[in-house]
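These notes concern the structure reproduced below.
Letters A, B and C mark the chains as written, and numbering starts fresh at 1 in each.
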Amino acid sequence: MADPRFFHKEGPFTLGDLASRIEATVHTGSDKTVSIQDVAPLDTAGVGEISFLDNPKYVDAFAATAATACIVGRKFIEKAPDGVALLVSDQPYRSYALAAQCFYPGSCRPSDTYGDAATMSAGAHVHVSAKIADGATIEPGAVVSAGCEIGSGAVISSNAVVAKGTTVGRDSYIGPGASVSHAHVGDRVIIHAGVRIGQDGFGFAMGLPTHEKIPQLGRVIIQDDVEIGANSTIDRGAGPDTIIGAGTKIDNLVQIGHNVVIGQGCIIVAQSGLAGSGELGDYVALGARVGMLGHIKLGDGVQIASRSSVIHDVPAGARWGGTPARPVREWQRELIALQKMAKEYGKRKSSGDGN
Amino acid sequence: MADPRFFHKEGPFTLGDLASRIEATVHTGSDKTVSIQDVAPLDTAGVGEISFLDNPKYVDAFAATAATACIVGRKFIEKAPDGVALLVSDQPYRSYALAAQCFYPGSCRPSDTYGDAATMSAGAHVHVSAKIADGATIEPGAVVSAGCEIGSGAVISSNAVVAKGTTVGRDSYIGPGASVSHAHVGDRVIIHAGVRIGQDGFGFAMGLPTHEKIPQLGRVIIQDDVEIGANSTIDRGAGPDTIIGAGTKIDNLVQIGHNVVIGQGCIIVAQSGLAGSGELGDYVALGARVGMLGHIKLGDGVQIASRSSVIHDVPAGARWGGTPARPVREWQRELIALQKMAKEYGKRKSSGDGN
Amino acid sequence: MADPRFFHKEGPFTLGDLASRIEATVHTGSDKTVSIQDVAPLDTAGVGEISFLDNPKYVDAFAATAATACIVGRKFIEKAPDGVALLVSDQPYRSYALAAQCFYPGSCRPSDTYGDAATMSAGAHVHVSAKIADGATIEPGAVVSAGCEIGSGAVISSNAVVAKGTTVGRDSYIGPGASVSHAHVGDRVIIHAGVRIGQDGFGFAMGLPTHEKIPQLGRVIIQDDVEIGANSTIDRGAGPDTIIGAGTKIDNLVQIGHNVVIGQGCIIVAQSGLAGSGELGDYVALGARVGMLGHIKLGDGVQIASRSSVIHDVPAGARWGGTPARPVREWQRELIALQKMAKEYGKRKSSGDGN
């Protein structure tokens, strides 16, 4: 069970009630009135707890679980141990996520950092021209500048800074110490601690004796349901805007350069970097530490392996990897060939060919 | 046109006035009294707007532009469409940068984040022993500590922290949530949001049972006209100082270790990292995600390709790349040879040599 | 000598007094009453200063030093110049670190940022339910939230945020602008400026049309004597905790994913990244920019070369490097073979084999 010092638990829910909230159905013969109080992994779950099975690797753990209930796909129903109530789902992991959200709603979109939700702290700095909707939380040390608009249910955490003119939508969260400028932030956006949005892109007319700064005259548009990880940085556009599409999730310490346009539902894992004017289609996934050259385009559904360097356009649906990135199969074949060649070379040299 | 919510536009300027401000001359036959109100790219510029041509790739866009005026190099004058007024410059992109700066001076060095420029906020924390020059802006939540000196025209943004003893020169900008300690910051320096300057370098006498901390007794010296990107980190020296030379521009999420000495006019692109005691000459350029080993030296004018790892000294003027970095030509030749060899090996194996 | 603007120097100490504090002994014939006022490198040290010799590379500098005293290993005693007092140590660099700590104790664990140590600033935001031990320093703009407990001697720096329920041990330091949530922080921990601890791990049930957030229900446990570099990020666990073992030292801009468990005395150099559920034994060392895949385990004492990508478990005591990482000897042999092969291929092609 999650530490009650940090997490407030809702519930209990009956199995039937949970089913209706998590895109699942109660299996024939399972008791829909049984009370469920918490979520837990298969191996530690006990009485009153619900777990899930998605990966076939864990079928044995499923067969031995002491959970009161379990979320499973149709094909694993027959593996269920006696006495375990079942919720059947087409996407068990997704249903489990929804169940955990039911029990711990506050862990999905923090209501506050300081402990006084839904209040405007006397210790906040709110400009007289800013518009704050009812029900917003403005925490101690938070700064809301001239002309800002903050939506209802939004949280501006302790020591976060919302710079002049910036708008923040409903139920969005700006984490501790984060700063947002020259930006429009949509609804239900989560911006974690220390994120930097809207500062100048890196644009100079380079030369001697000085590099002349190109004024960065665009904005950052963060669409609905985006999440941005701690200490990531997103520069504003140079003229056009930098755009993060709806539902895109960005991990920690990621760099997004000016004019980058990211589609819907993309996933960008930690420490990746996108140079200026790059473009991502919808549902693109970049593994950890991927670097992407400027002015290139990745089509819808592209997947890039961790630690790759992308320097060419990638067609929709393709899976690429390596430095420079190329189709995964080609990349893997080349890696294996080079390893074998290096070994054979070593043997040749050591058997009579000298050093 | 830039969003007036975020950008204050100056002007209009006559063509003649602009010419004198941007190192350009009015072309014979162009009307120096024509009024210019904004900058814009060739393809979107219209009446009252000025654009530029630098890259020959855009000659067609130049020939078709609807801009009222355009900045060009001498060699492209004859390609100009009828009715477009011309400013002739030896460095058209540089002149364009200067023109954009004329129209949007505030976008080059922010006057404030909160909306009350040139004031000392009642919500700032200013130590009684700190010296603040007239005309400095100290924003809400900003902390200016004991013994600090802040120059005239400087901006200490919302929730920025200037630690005890630190000095900040004239017209410098410390962005929201940034922190600076053990440092002397020159004039016209731009330190973006979340930058960390002056914390301990990573120095330990490693061993069992504990790693003993080596006191870090140096400072960070940031010379004039330096720009440092969001969430970058610059550690103070271990005994000698860490030094960032005048006019050097550093992008986001860059790490600079203790004792690093960087010359004038260098460019360091995002997510690069320089280990302790490295040295860069003047006008060195590091592409994105470059890593540099400690205690090595790059001569004046060195250029390192993105994502390279530099582990040896590099002579002045050289262009290196790869991991480990070596002269670009050598590196490229090797990459191509290995690719070809891997392909030939694959064909050999599949045509009778077994797998 | 360190700049007195930033560093407060203690002392002088007699040679004998120093010896007893730094795990060294006064060499026969050296005067234990001589007064030592500062530390300095061999080449710049002068009267009243103590230096050290550890690396044989500097024996000549040792022989020529003008230092009043020097810390050396037994084997170099005879190389000492006339008139230099000697402290003999089994670990001269470690002893030197301890000596520097004697002269500059404040540079090892900052007492404050603002200039008013050991006070609770009127400009801090301290929740009425927080418990602050006597002798803690809470600086201007710092936020200490509901239910927090702050140990004696701890420093919560300017504009740092300690989120609700978090505990901070004795003599620990939370740097300017850093934020800590869902965490228990031990004693004598140093968390530098801008560090982000305790935010959500990057966990989603990915799918269409939306990626569903997995509630992150664990905590971050930071054991005693840990140090964490500027702008690094440590996510809280998904269910289990993220744990940083006692005495581990982490450099700047490092990413630690959810559920990672790090042993004692590890060293993690700048810009490295550990994906979720990774495990490090005790005294593991990761060079700069190392990436580590999720769900893998590195045994005690493992060393990984800079810029490597670790994608498999590594046995205790092993030294690995490369992408993907493998035993260092194997990796180096392969690199050299490939370089030679590429050269030979180039020669073959240019001598009659066509291009």
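Note that contacts are C-beta pairs under 8 Å (C-beta built on N, C-alpha and C of every residue); 3 or more make two chains touch, one makes a residue touch a chain.
Not measured: the values here are computed from a predicted model.
Asker: Based on which chains are in contact, what kind of graph results: line, ring, star, complete or other?
Answerer: Shape of the chain contacts: complete, all pairs touching.
Asker: Same residues or different residues: which describes how chain A and chain C meet, taking over half shared numbers as same?
Answerer: Chain A vs chain C: different; shared/all numbers falls short of half.
Asker: Quick one: report the Å distance separating chain A from chain C, using the average Cα coordinate of each chain.
Answerer: The computed centroid separation for chain A versus chain C comes out at 29 Å.
Asker: Name the residues of chain A that each touch 2 or more other chains.
Answerer: 141, 159, 177, 194, 231, 253, 271, 338, 341
Asker: Residues of chain C touching chain A in their complex?
Answerer: 125, 127, 129, 141, 143, 145-147, 159, 161, 163-165, 177-179, 181-182, 194, 196, 199-200, 202, 204-219, 231, 233, 235, 239, 253, 255, 257, 271, 273, 275, 291, 293, 309, 323, 333-334, 337-338, 340-341
Asker: Which residues of chain A touch chain C in their complex?
Answerer: Within the complex, chain A contacts chain C at residues 2-3, 5-7, 40-41, 91, 93-94, 96-98, 100-101, 103-104, 107-108, 112-116, 121, 123, 139-141, 157-159, 175-177, 190, 192-194, 225, 227, 229-231, 247, 249, 251-253, 265, 267, 269-271, 283, 288-289, 306-307, 338-339, 341-343, 345-346, 349.
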